[in-house]
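Structure first, then comments.
Chain nomenclature is as follows: A, B and C, assigned in order of appearance, with residue numbering initiated at 1 for each chain independently.
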Amino acid sequence: MSILEKLQTIDRRIVYLLLFLSVGLALIPRKPLPVIPSNQARSAFEAIENAPTDKLVIIGADWSASTRGENGAQTIAILHHLMKRRLPFAIMGFDPQGPELVAAEAEKLAKRYNYQYGTDWINWGFRPPGTINATLKAMVRGFQEGMKQDSKNIPLSDHVRLPMMARFKDINDVGVLVVVTPSQTFESWVAFVQGIKGTPLVFCPTAVMAPEAYQYLDSGQMVGMLTGLKGALEYEGLVKEPGRATAQGLALSVSHILIILLIVVGNLGYLAQKRRQKSQQGVG
Amino acid sequence: MLDFISANAGAIQMWVAVACTLGIYSILYKENKIYRFFEHAFIGLAMGWTIRTAWVDVLYPNFYQRIFHEGRWWWILALPLGLMLYLIYSRKYNWMARISIGFLLGLSAGQTFQSFAGLYYKQIVTTFKPIVPQAAEGSMKAVTLSGAINNLIFLAIIICVMTYFFFSFEVKSKVVQKTANTGRWVLMIAFGAIFGSTIMARMALFISRMDFLIKQFGGTFVPWLK
Amino acid sequence: MEHSDPVNSTLTFIICAAILTMIFRSRRGKQPFIRRIPGLNAIDDAVGRATEMGRPMLLQPGLGGIDVITLQALAILAYVARAAARFGNRIIMPVADASFIPVAEEAIRESYNLEGRVESFRAEDIMFLSDRQFAFAAGVAGLINREKVATAFLFGLFFAESLIMAENANQIGAIQVAGTPSTTQIPFLIAACDYVIIGDEFYAATAFLTREPTLVGSLVGQDIGKAVILLICILGVLITTIMGPDNFLMNWFTPLWWKR
């Protein structure tokens, strides 16, 4: 077996070690890489930038701690933009951890942007995933009918404690939908909420889910998309709030370079093996 | 003891998180007892979390509170239908569970009609793209030569891929066979693109854990790592 | 429907009518043609390999519960279980939804029963691990490594956990056959598995293996529906090319909500 052929059978533990080292080292420098935002990230930014301030933004937070690496960074970047523009927003989700995680980030940022709970933002909380279609359909007709109360069990009809709910009644009062999810729940949002009034929908999937969404961008059912950590990185650049994604950008690029090199190396080994087999057959 | 834990909650949380992360990653070397311990701990924790969610986030606010705090006693009528689902574990009475399952399947099948229309009908319309250059008309943008070529490729791919997914026609024509084969090739190219995108997703999750290990954890001991 | 118009309703009606007609025709005994899916041949080879090695087989119905996709996956896995019963292989079937266990148990027991080997059926090998995605994946990865499965059959609804399971089985040298309608997971299954049934082939595979008239009929009906949609797309492109974007077909098919 030649050296080239051995490249095809590198011990996977060496690959893991290389990945640990390269990502670990790439996380240390603080200087961010220059970023050119993609069209879909720019469209997402423009949708929120142009949203009327007297309309509500709904954040569908259907993610959990396991995809925090991507969805967390996307959410924080979007929250910065919403609060900079003083857009009122509501958080809801069909994963029990989603609304809690987003609300925790919103509370941190609320102090900086002077956002008041119940006046500028609200957490409608978690709803069981099995009821997603029914809940969304009810919510479109009226928030009180669909959600009834917030995550602290305050009825949405209590306009003293939740004054913003006096202004926003149903889908007609929604300016933008932001759906952050690593799963297929976005289909319910498109079919049962976006499609009713053509409300602009910004989609923030994990990079795994992104390819499934391109046809919705093409058809206009989604106005913009943040593709995983890269999307978050682009959005942080657009809102000029470098954060977690910007800090991890170099590590992401380095890991991609390593994977590309490994693919090239593996294929060189494959070609060498193929050539040897061919020449052996020729001799035989 | 409790005082010590509450006073050092943050540090303990971090050490536990580090141990869990490294324990789970230890499978990358080989299957071992440490991984097995954390695997079982993870499954147990997830189970506990599920039970907590079922009560705190689902049953209490949507059922118990409605009936006992808000006095909507008629919500109790949903209980037999729900309880019937548990009869799935009885070999004698599992036919009763099928009533509830049938009810749920029927409900979701009904919603699928709206879902199908909402998701896909608009996409049918967006395939109506001109395949020759056209001037701007009304709200529609002009179609340039490159746009027209793009649209032609778009149409060809739709035809090829859909041909590949016909199962009930016996294909004897070589043209149709070649179209379906092209469809398979196009699918493979698309899968390659999806694969690339997913590598990014996996790396992002890995980087997030490494960020925790190096910057958050390592940074508490070596400040310049932060 | 909240966002439908007469044209879209008619299209829905045509698709449903085609599916129902073909189901009824099929039930009356008129078995239509279905082409064989190449990946299906691999199932028997994989079972044979597990028999030779004397090691268990992993049957994985994905993360779904009692839903259409998972029930179709169970039909394929029941076919595998029947072959396992015939050759005396042990099967291990971890599931992510506790309510799915009795359904799976019944189907697998029936497979053993059909081969006259019901005494070999081990109910404890159909087990619930967790309904949390990655906890479930960690559990399955552990099982694969401990039991050193010879083959793995991954059929059903998969998400990001698919690669964790497939990669672990690949590392221990298991033969893997997979099938899923989850488009985003197919690439990893292609990379890590030996044979993969892609997209709609998953439904065709169920119909082909079970020959259940309802499944066969609905598959043929769906083909008619797909053909109608393809025809509309081609017509739409031609008419838009000739008449411009403001044409009668575009106006017919543009739902009312889109015009608002």
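The rule is simple: a residue touches a chain if its C-beta (ideal position, glycine included) is under 8 Å from a C-beta of that chain, and two chains touch if they have at least 3 such contacts.
Given the structure is predicted, the values throughout are model-derived calculations rather than measurements.
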| item | value |
| --- | --- |
| Chain located farthest away, centre of chain C as origin (C-alpha) | A |
| Which of B-C and A-B has more C-beta pairs touching across its chains | B-C |
| Most central chain, judged by mean C-alpha position against the global CA mean | B |
| Rounded Å distance between chain A and chain C, as computed from the means of their C-alpha atoms | 28 |
| Length of the line joining the C-alpha centres of chain B and chain C, rounded to whole Å | 16 |
| Separation of mean Cα positions, chain B and chain A [Å, integer] | 13 |
| Residues within chain A bordering two or more other chains | 12, 66-67, 195, 206, 208, 211 |
| Two or more partner chains touched - positions in chain B | 49, 108, 114, 116-118, 122, 125, 194, 198, 201 |
| Residues of chain C touching at least two other chains | 2-3, 134, 160, 183-184, 258 |
| Contact set on chain A toward chain B in their complex | 12-13, 16, 19-20, 23-24, 27-28, 66-70, 72, 96, 125-126, 128, 133-134, 149, 153, 187-188, 190-192, 195, 206-208, 210-211, 215-216, 218-221, 227-230, 244, 247-248, 251-252, 255-256, 259 |
| Complex contact set, residues of chain C against chain A | 2-3, 133-134, 159-160, 171, 183-184, 257-258, 260 |
| Footprint of chain C on chain A - complex, ascending | 12, 66-67, 137, 140, 182-183, 195-198, 206, 208-209, 211-212 |
| Residue numbers on chain C that touch chain B, as the complex places them | 1-4, 8, 11-12, 32-35, 37, 66-68, 99, 102-103, 106, 129-132, 134-136, 138-139, 141-142, 145-146, 160, 163, 183-184, 186-188, 190-191, 198-201, 204, 207, 219-220, 223, 226-227, 229-230, 232-234, 236-237, 239-241, 244-246, 249-250, 253-255, 258 |
| Chain A partner contacts - residues on chain B that touch it in the complex | 28-29, 49, 53, 57-58, 61-62, 65, 108, 111, 114-119, 122-123, 125-126, 190, 193-194, 197-201, 203-211, 214-215, 225 |
